[in-house]
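So, here's a batch of structures to check.
Note that chain A is present in both complexes that follow, paired respectively with chain B and with chain C.
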Partner chain A sequence: MKRSTTALATVLALTGISAHSAELRMSWWGGDSRHVATQAALEVCGAKTGHSIKPEFTGWGGHLEKVTTQLAGGTEADIMQLNWPWLPIFSPDGTNLVDLNTLSDTIDLSNWNEAAIAQATLGGKLNGLAASQTGMIYWFNQDIYEQAGLALPTSIDDLVTAAAVFEDKLGEGYFPFYLVGEDVVKWLQNVVAQSTGKGLIDDSTMTVAYTQDELVAGIEMYQMLVDAKVTPSWPDAAAAGNVQLYENPSWADGHYAGTYVWDSTYFKYAEPLTVGTLVPSGLLSVEGGSNDGVYRKASMVFSLSKNSDNLEAAAQVLNCLLNEPEGITAMGTARGLPASKAAQAQLAADGSIVDIQTEANDMVLQASGPEVSAYAEHPEVRSLMTDTLELFAYGELSAQEAAEEIILGTNEVLEKYK
Partner chain B sequence: MTQTIHPEIESKARAQQAKLRRRARINALIRYFVLSAVGLMMLYPLIWLIGASFKTNSEIFTNPGFLPKNPTIQGYIDGWKTSTPYTFARFFWNTFLIIAPKVIGTAISATAVAYGFARFEFPGKKILFATLIATLLLPNVVTRIPQYLLFRDIGWLDSFLPLWVPSALAGDAFFVFMLVQFLRAIPRDMEEAARVDGANSFQTLIFIVVPLLTPALISVCLFQFMWSMNDFLGPLIYISSVEKYPVSLALKLSIDTTEAFEWNRILAMSVLAITPALVVFFMAQKYFIEGISSGGVKG
Partner chain C sequence: MGGESRYMGLAYVLPYVIGLLIFTAFPFGYSFYLSFTDYNLMSDPTWVGTKNYEKLFTRDRTFEKSLKVTLLYVFLTVPLKLVFALFIAVILNYRLRAIGFFRTAYYVPSILGGSIAIAVLWRYIFADTGLVNMGLEFIGLEAINWFGNPTNALFTITLLRCWQFGSAMVIFLAALQSVDKSLYEASAIDGANKWHQFRYITLPLITPVIFFNLIMQTVQAFQEFNGPYIITEGGPLKSTYLLPLYIYEKAFKNFDMGYASAIAWVLFVIIMVLTVVAFWSSKKWVYYAGDKRS
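And now, the complex of A and B:
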């Protein structure tokens, strides 16, 4: 009896100590610069909060599989970097991850804007904190447009006009814009959202919000861009080897003078340019549009594990990484422009953010548009839309058939989550 | 008497012979040309990989040929350092720590199990063998999560054990099946002779069967070596600490979708990663081929 009480006391004493300096794990995916920055940040925040945090990181490939297995087995890291669209898959009603509202004493939630909080809230529970908010905007190569004697486009019509001028003045092989592959899916949602004021998926009914005619109008607008030689066609790009745009020599030398991509990928697209400079150009308006139709989302979120033994400690570390000066400096912009206001202010003050990044991010944050549903990024929905639009681009489907296919297929995927 | 062949016939025969020789030579020429051309085509990706690992990152996308304009070993230097606190040597060592027990364990356990199935009659043999074949046909992914839960409960997560222990206990049905088939082709004469001389089952296995089985065992080891070297999903889900990553995980460490990355580093490390497999294959190639062509009782 006495021995067991002593043992119990020892256990209590040990757990008591571990509440002060906890052993935590944090997992994330990324590239070299993010790995280096995050490891450094964990060291700083570990020292500050008195906890030790073991980093677990991989590249992008396979990370979803890894996290899925870990969540299924209850062995996930205490702090996890998750992809925003994974949230409804892992925690459809918000109960499979920690509700961060309950930790608001430790984590300063006022640093996130309403949109960021709303997007990561499932079933009334805040499941993740956005590392950054990003959106798709248009980027143009200013020098090429100047060579053609044109101002940068502000509407889709301007693009069509530009295509004719490009052919006249710059010659064959020059395009004012490049829109191929999965970007078409996002672009389509942008133009249809502008003219209808609705997002692709209505979360309240869990169905596609667009009617077939509305989608057809968007798909036909894409075809119009291809016909007008605004962008190379999908089959042509595929025939050229489907090279990523930023690895494409025609992008580097300015033959493709614009594109529609995430604001956070500025460096990836700007650095390879050998001719001209890349400028963020907001969103191009569609005739008769009621809003900007911005496609904006939390690019990745930080979540805490429900199985964590040291939730309080994990929350302290997370707050340090995102909201406290030491963590902010170390993390820098390895995950894009931080969504936390404290981090934004600090990085802007010490000059770690290039103006053009802030400018592009402001365009995203200030643009109007319907709420983007997390299901719009569901892997099955995305591949369905990409495949269908590809079939359309190859002439295998008409615009009507493609729109019908998208609506039916997407509703079928959503059926599982009703 | 012997000089009966007319000189005219003889010269005709000679001309005929020369013609045949010429035709054989032309045939060989065409044959070797086609073989080299196809072989080169198959090898080109590998040649390109090696060439590109000496290019700078920007040259990889601008110069499609495999000869680098300004060869540099910067990719190797930076790639070796990695973005972790460890160098690539650490990841090679980890891979070795997984592969060595796995290959040795597979060779021993698969031989023992195959010997049992091929040479002994015991109750339930048919059902057990059918089960073995069934696991061979079962897709790996199906057992992934149950296995993960099992190893979690044993407390083996984040260690190398889940990666090699199942194989070391004859968990790879394919190898057992392969050895059983090989054993069936070997006549029992020599084993029976050993029995007559007083050897027990185990001695027969070690002194008679294993030497006959050597070529097949080498193939087993080679296959297991290459598959383990390339295994990505296993280490991915079982190992979470960076210091325990094997090469297959480490190679993907820097590849992200939103960040442009240094392809030349990844290619350089890929070249290093395939080197052990190539070296082992070329070293064992002789026995590998021998194993397939020979076999059975000699003399």
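And now, the complex of A and C:
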């Protein structure tokens, strides 16, 4: 018995595997490509660190609710992928999640730049490590545009021109762009930011920065796109039921030939396409705009649970996933271009980064625009804006009424955080 | 019964009682307390008195809309489902060939009906390019926007609920089979036709079961969540936004657990009042064996 114990200890020492093998959980949301990559990464990092990690993954829908419930009950996963705007909700003073500075001996924090560290620091405590820097850009199905004999749009006016050509050359049911639901909320902020140079929320006063007239102009621009058949109307798009665009057959077969989504979601939208190729097209300009109006932020962050019984083990796994060669290779670019410098260098060197991803991310990083407030994605603000714009799209509210509702409702939500 | 046997009986029911206290009674009472608090899940609840209820009844247009939709949904689905379940049960009560197969086949949807997979299937069946619209176009009719039109959307959700008639149907079937056959024979001698037999013998004798199904289906309809959440997420224009969806959104999306608890308690009171009314009215139309009226 003594001999076998000594032998086991020797093997563990020689292989570098920790004598304490922890059982961990990691949760995230995403599409199929991210699920596959992350599970593979957990396998290699589990093998490397000697810990077993149980994956808990879902689609975007419902993930916030799941994590909220877990955090409230203290049953959250040891390692969590969180949306950056959720940090001030879950951990307003930084104490509800682990301060990663305390684990700097295990996690190489020097791989993140100062801005990334600052964005995820609350009350002086580092609550998350950014997976990537992301932003909303326009994506188009190049082959469908070529079939219509058109170059990819560079301005909103080009989209309007494209709509007429699409109907003429490709027939009914083809749209050069798809703008429905929550995407309208972010698109609206892009066009209004271009015109005004302001973000939706002024963090210094915690109020809506746009005037009613400025919002009305943006809302009317959306209606103009619907009227010109640039995008299917909200009611027509709702006929598909509660499905994401990338699950919609009309997206897969090219009937909807463009969208406005995060640069980090390239695979999610590109992989379902059965017709055509998805290419990034930066930000379309609005007539008279003073900047690109980019909606840019730290994308999701990785955080550790303060209720974890195996914090050191969780930190080892997290470092492996984000900073060590095995984890970096397996994780790849399933969350966009990594924010970790070690990951960037390795993936660039071995050619794992698809050119389109680099191109899209460069468009985001080089675009100009006002700072985005974390509260712009507060769940209540998002619901309020989506619901109000839906009422407008169904003709239940005028543009003026919708703008007024958005300003009053958002200010009411923000009042709680003053 | 000896003392030891009595303790043995208590020991047998103890696991259930403990479960009831921990998983039902405590959350039930605690949610009532929470309904008078401001509680965001991340920090301790703060007592706010009746503020949540005041806001609910005076300033919350979403609650008003959701309550209307919920009541409409319940008053549509419950009668439709009961009538349909009884109709099928009457058919399956006949001695037909392969009746066992048909009874199983009609019961299956009620086992599957509440599942996420069936809700997803429903979404595809009624989608703009789905099976129903393909059928309509095949026979030369125009496709219908089932989910984008507020009225149609509620109809599709209602239909899903009605499709899950199996459990009510099985209970009706059992009741129909327990009706004394000699009553039918006697009425046939007196010249009663099938309709008369159903109206004046079957229906009165199965009223206790109708009453039971009515209560159960009403309570379940008020608690419906899966169908509207998966198929339409409450839209469009909140036309399928039942109260359980609103409770869910307030609790887990807006982190307003106190307010969500207040809505849950209003829903509970509505169900309770309707149940009390049903029990009160049952004295006038439900007939039990041995009842002096029967």
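The rule is simple: the second predicted complex is superposed on the first by the 265 of 418 C-alpha atoms of A that agree within 3 Å, B and C clash if a C-alpha of one lies under 4 Å from a C-alpha of the other, contacts with A are read in each partner's own complex, and residues count from 1 in each chain.
To be clear about the criterion, contacts are C-beta pairs under 8 Å (C-beta built on N, C-alpha and C of every residue); 3 or more make two chains touch, one makes a residue touch a chain.
Predicted model, so just to flag it, every value in this text is computed and none were measured.
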{"item": "Dominant contact partner of chain A by residue count, chain C or chain B", "value": "B"}
{"item": "Touched partner set for A:Asn96, first chain B, second chain C, both or neither", "value": "second"}
{"item": "Which of chain B and chain C A:Asp236 touches, first, second, both or neither", "value": "second"}
{"item": "Partner chain(s) touched by A:Cys45 [first = chain B, second = chain C, both, neither]", "value": "neither"}
{"item": "Chain B versus chain C as contact partner of A:Ser383, first or second or both or neither", "value": "second"}
{"item": "Chain B versus chain C as contact partner of A:Thr69, first or second or both or neither", "value": "both"}
{"item": "Partner chain in contact with A:Asp32 - chain B first, chain C second, else both or neither", "value": "first"}
{"item": "Which superposed partner A:Tyr394 touches (first chain B, second chain C, both, neither)", "value": "second"}
{"item": "Partner chain(s) touched by A:Ala343 [first = chain B, second = chain C, both, neither]", "value": "neither"}
{"item": "Touched partner set for A:Ser264, first chain B, second chain C, both or neither", "value": "first"}
{"item": "Common interface positions of chain A, toward chain B and toward chain C", "value": "65, 69, 72, 243, 249"}
{"item": "Chain A residues touching chain B - in the complex, by the definition given at the top", "value": "25, 27, 29-36, 39, 54-62, 65-66, 69-70, 72-75, 77, 243, 246-249, 252, 262, 264-265, 267-268, 271-272, 299, 336"}
{"item": "Of all residues in chain B, those that touch chain A in their complex", "value": "58, 61-62, 83-85, 144-145, 148-149, 152, 157, 232-233, 236-237, 240-242, 249, 252-262"}
{"item": "Sites on chain A touched by chain C in the complex", "value": "64-65, 68-69, 71-72, 89-92, 96, 234-243, 249-250, 379-380, 383, 387, 390-391, 394, 396"}
{"item": "Chain A-facing residues of chain C, complex", "value": "41-42, 123-124, 126-129, 145-149, 230-233, 235-238, 248-249, 252-255"}
